Amino acid sequence: MIGLLRLELRRNITPFLLPTLAILLWLSPYGRSLTGTAVWTRRGEALQETLLGLGPAMAGAAAWTASRENRARTRELLATTARGGWSRTLPGWAATALWGLALLAAATGVLYGLTARAATWGGPPWWPVAATCAALLAFCSAGHAIGALLPGRFVAPLTAIGTFLLVVVAGALKTADASLGLVSPVGQVTDPYRALYYRAGHDLPVVELIFAAGVIALPLGLLALRGGAGGPLVRPAGIVLTAAGTAVAGTGLWLAGTGHIVANQGIATIPRLESRGDGRPIAYTPACDRTPIQVCVHPAVKARLGAAVAALHPVTDRLAGLPGVPTTIDQRMVDGPSIRGSVLLLPAPFEAYDTRGRIRGRVAREMRADTAAGLLLGAWDGTGSARQAAVLAVLVAAGDPPDGADLPIRDTPGPAVLAAARRLAALPQPAWHQWFAAHLSALRADRLTLKDLP
Amino acid sequence: MWVPSLRLVRLHLASRRAGLALVAIGAVALVIVLPIPRSGGMLGALVPLVVAMGAAAVVGAATASPIGEVERVTGRPLPALRGAAVLLMFGTAIALLAAAAAGRAPAGGSLPLLRACTGLTGITLLTAVAAGPQRSWTLPLAYTILCGHAIERSWRSLWFWPIRAGHDAPAATVAIALLLAGLLAIAVRGTRVSVRS
Amino acid sequence: MNVETSGLTRSFRRRKAVAGVDLALGAGVYGLLGPNGAGKTSLLRVLGTVIPPSSGELRLLGRDPAGHAERREIRRRLGYLPQDLGYYAGFTVVEFVEYIALLKEMPRQRVPRAVAAAVEDVGLGDRARSKLRTLSGGMLRRVGIAQAIVNEPELLLLDEPTAGLDPEQRVQFRGLMRRMGERATVIVSTHLVEDVGAACDRVGLMSDGRLVFTGTPDELSARGAGTGVGDAPLERGYSAVLAEIRT
């Protein structure tokens, strides 16, 4: 068997697909995650998303290998050899699977190696790696069985495309909150950044793993049930594999059917698998800078602290030292801004964490608007013309557009609010400081009107 | 211009297993009828594109000649036959997709689906000419995955014509140009024949 | 006896391709002649365990191929060259022969030497590392012969082995058949009577699924004296026996 496997490994089609697969990897969320911050949870999920391209390609390669006897017309010759059909086809399957796993191991090594060098918090998540490997083997098994059972001209492309379609559909079901779709390894339902703050558990990868294990066994079992598959032990082995595969895959589907997404925590929960502490907050010590209004972030995104401080600097510089204004901004997993003592709690801007270099454009403007509103007013429902004008004035003074488009309010402010904001922003720094020092309490209590503004 | 007889066209189609190809296209088109969520997220938006690519791949695979060089040396009728066979299968694919999408078309109507099938068939045919019909599906599949990437990143360049709005004239032009190029290539040069065949 | 058949038949739906063949063959080269559709290939496929017989008795190498364990043992000692040899175009000559050797469950340590010897025996030593897609039709036929003899079979079944070989190669191949026939049963189906005359100890002539003549090549030649049609004595014997059957 080893000799056959070595031969099959040498002549497998997968190495010829490696350049294409490498490009697919780079274009998948895998490649994109490498350009973002090195966050373990983010990278673990990106690894699974590689299956959108890898899965169909490996299924196609497996179908191509399995249909070889028919394509090359060697069936009659090989039927006269001592090995039965099943043990003859297994080395081909194993070779495709091993090449796929080798590629995945290399991809994981690169991704996790780079992450280990740059990550500032946490450790590598291994459950997604296990689920990805199992899914890859499942794609190989299914493709191999299709290629062997329906050998023909169309089998390799149709298997690859059919698998791609299946993956896309399953992923679409998963993201559309259909619980059966949770068995799909592709499709993002959990939030990798939220998993920094809440224990996400491993329900999802476990159910994916269970389903994939069933799909690995089932096609191989079906192949053993064919005529000429081999000796007296092959058929019972086929029955066992088919039954076990069906049962395991069915269990996976059943477990997924009982699952649901906890939207506010961005985690998927399978009640029967629920790991202890799932969804509970994770304790951490934030990483902070030393500016007058210090900015704190989760230690996993410490690398983005400098960029966040730079993006907020025009606002924090303008409001630093004002009596009553918080001296610390803590970006964490909260629903909205609130002030606790001298600390402003702000929702963590995940979009800003997911980029590299300076934070610019809309993302930066929205960060500044949330921060300005939070520092001045704390929890704010967006009401009050004077409050809108005051927040907008801070943003205008910080150099953002004076149209109020980024304000965290439902409607765009009217012309009177915009004019008042521009007037307030135009005040010299001492007058500005003096006015806010005198009126901040009244502003927060919504006791001011536009007429009270300078 | 020489026009192939109906009998010859029928035999040529039979040698390409056109019947099986049409059944495969029909099966692919059936996916459109399934209640699959197509809104929200890259994966949902990819469904019609993958269906179109599937139909195109079958048309590409059906260009394979089981006769190889024996057929290639037969001369004048072949370019017209090849072109006619591909056109017939492509036309059927379009008709089947349009019928399947009628009343169930995703956002933007069935135009993007048919446009995607048109252009991707062109890419498939060009790949079949360059790399052989057995590998004709590889480039369209890779390009479709690339389009998924483009959807995710909201790219709207003409390079990603399949994901532009339904009535986008430049996108339709690119799709038709690709089909014509593919048809011309397959008619004039035929698919690459492997030594084995 | 390596091959024993009694009343062997093989039907494909209503058509009887092999219609009651009795054979008892030991070591030696046995030529199988007959017109197209006579049942030669079907008989070889039955003897090669590709398809089971429809009725009759069959023992190969002293074993009954109906049982899995015995069939497996037979296949380990069997060499088979089908009429239409399929091959993997991306494999090299050595890889293809090695692949078949491994599938025949030869001990791994014996495989490299056996493969090299088989490839040398068919005169492809200088093309051992060539991919099969680069070989000519005659060379591919020789690869087919190499894979058939790689396990030093006790029963060697060759269907049209010399088709596509050049005259020099055919002469060499006849020598190889004679050498193999010294210790194994070699059954060769062919249309080339000169191969039979030069290499076979015994010859069988099939028509409509039956063996209508069994004897030595000289005995077959003798049957055509004065009556048969053909350029060579064996051809005349061949045509005379067939003419007798048809009348």
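For reference, chains read A, B and C in written order, and residue numbers begin at 1 within each chain.
Basically, a contact is a pair of C-beta atoms (placed from the backbone, for glycine too) under 8 Å apart; a residue touches a chain by one contact, two chains touch by 3 or more.
Here the structure is a predicted model, which means the values were calculated and not measured.
Trainee: If you average the Cα atoms of each chain, whose average lands nearest the overall Cα average?
Mentor: B
Trainee: For this structure, which two chains share the highest number of contact pairs?
Mentor: Pair with the most C-beta pairs in contact: A-B.
Trainee: From the C-alpha centre of chain B to that of chain C, how far is it in Å?
Mentor: Between these chains, centre-to-centre, one finds 47 Å.
Trainee: I'd like the Å distance between the centres of chain A and chain B, where a centre is the mean of that chain's Cα atoms.
Mentor: Centres of chain A and chain B (C-alpha means) sit 33 Å apart.
Trainee: Give, as an integer number of Å, the spacing between the C-alpha centres of chain C and chain A.
Mentor: 62
Trainee: If I count partner chains per residue in chain C, which residues reach a count of at least 2?
Mentor: Expected reply: 89.
Trainee: Hunt down the residues of chain A that sit against at least two other chains at once, touch-wise.
Mentor: Residue numbers touching two or more other chains: 72.
Trainee: Specify, in ascending order, the residues of chain B that touch 2 or more different other chains.
Mentor: In chain B, residues 196 touch at least two other chains, as defined above.
Trainee: What residues on chain A touch chain B, complex-wise?
Mentor: Residue positions touching the partner: 20, 23-24, 27-29, 52-53, 56-57, 60, 72, 152-154, 156-158, 160-162, 164-165, 168-169, 171-173, 175-176, 178, 186-188.
Trainee: Give the list of chain C residues in touch with chain A in this complex.
Mentor: Result: residues 45, 48-50, 68-69, 72-73, 75-76, 78, 80, 82, 84-91, 95, 98-100, 102-105, 108, 111, 147 of chain C touch chain A.
Trainee: Looking at the complex, which residues from chain A come into contact with chain C?
Mentor: Going by the criterion above, the answer is residues 2-4, 7, 10-11, 68-69, 72-83, 88, 230-232.
Trainee: Which of the residues in chain B come into contact with chain A in the complex?
Mentor: By the definition above, chain B touches chain A via 17, 20-21, 24, 28, 31, 34, 36-38, 40-41, 43-44, 46-47, 50-51, 53-54, 57-58, 60-62, 64, 133-134, 136-138, 141-142, 144-146, 148-149, 152, 196.
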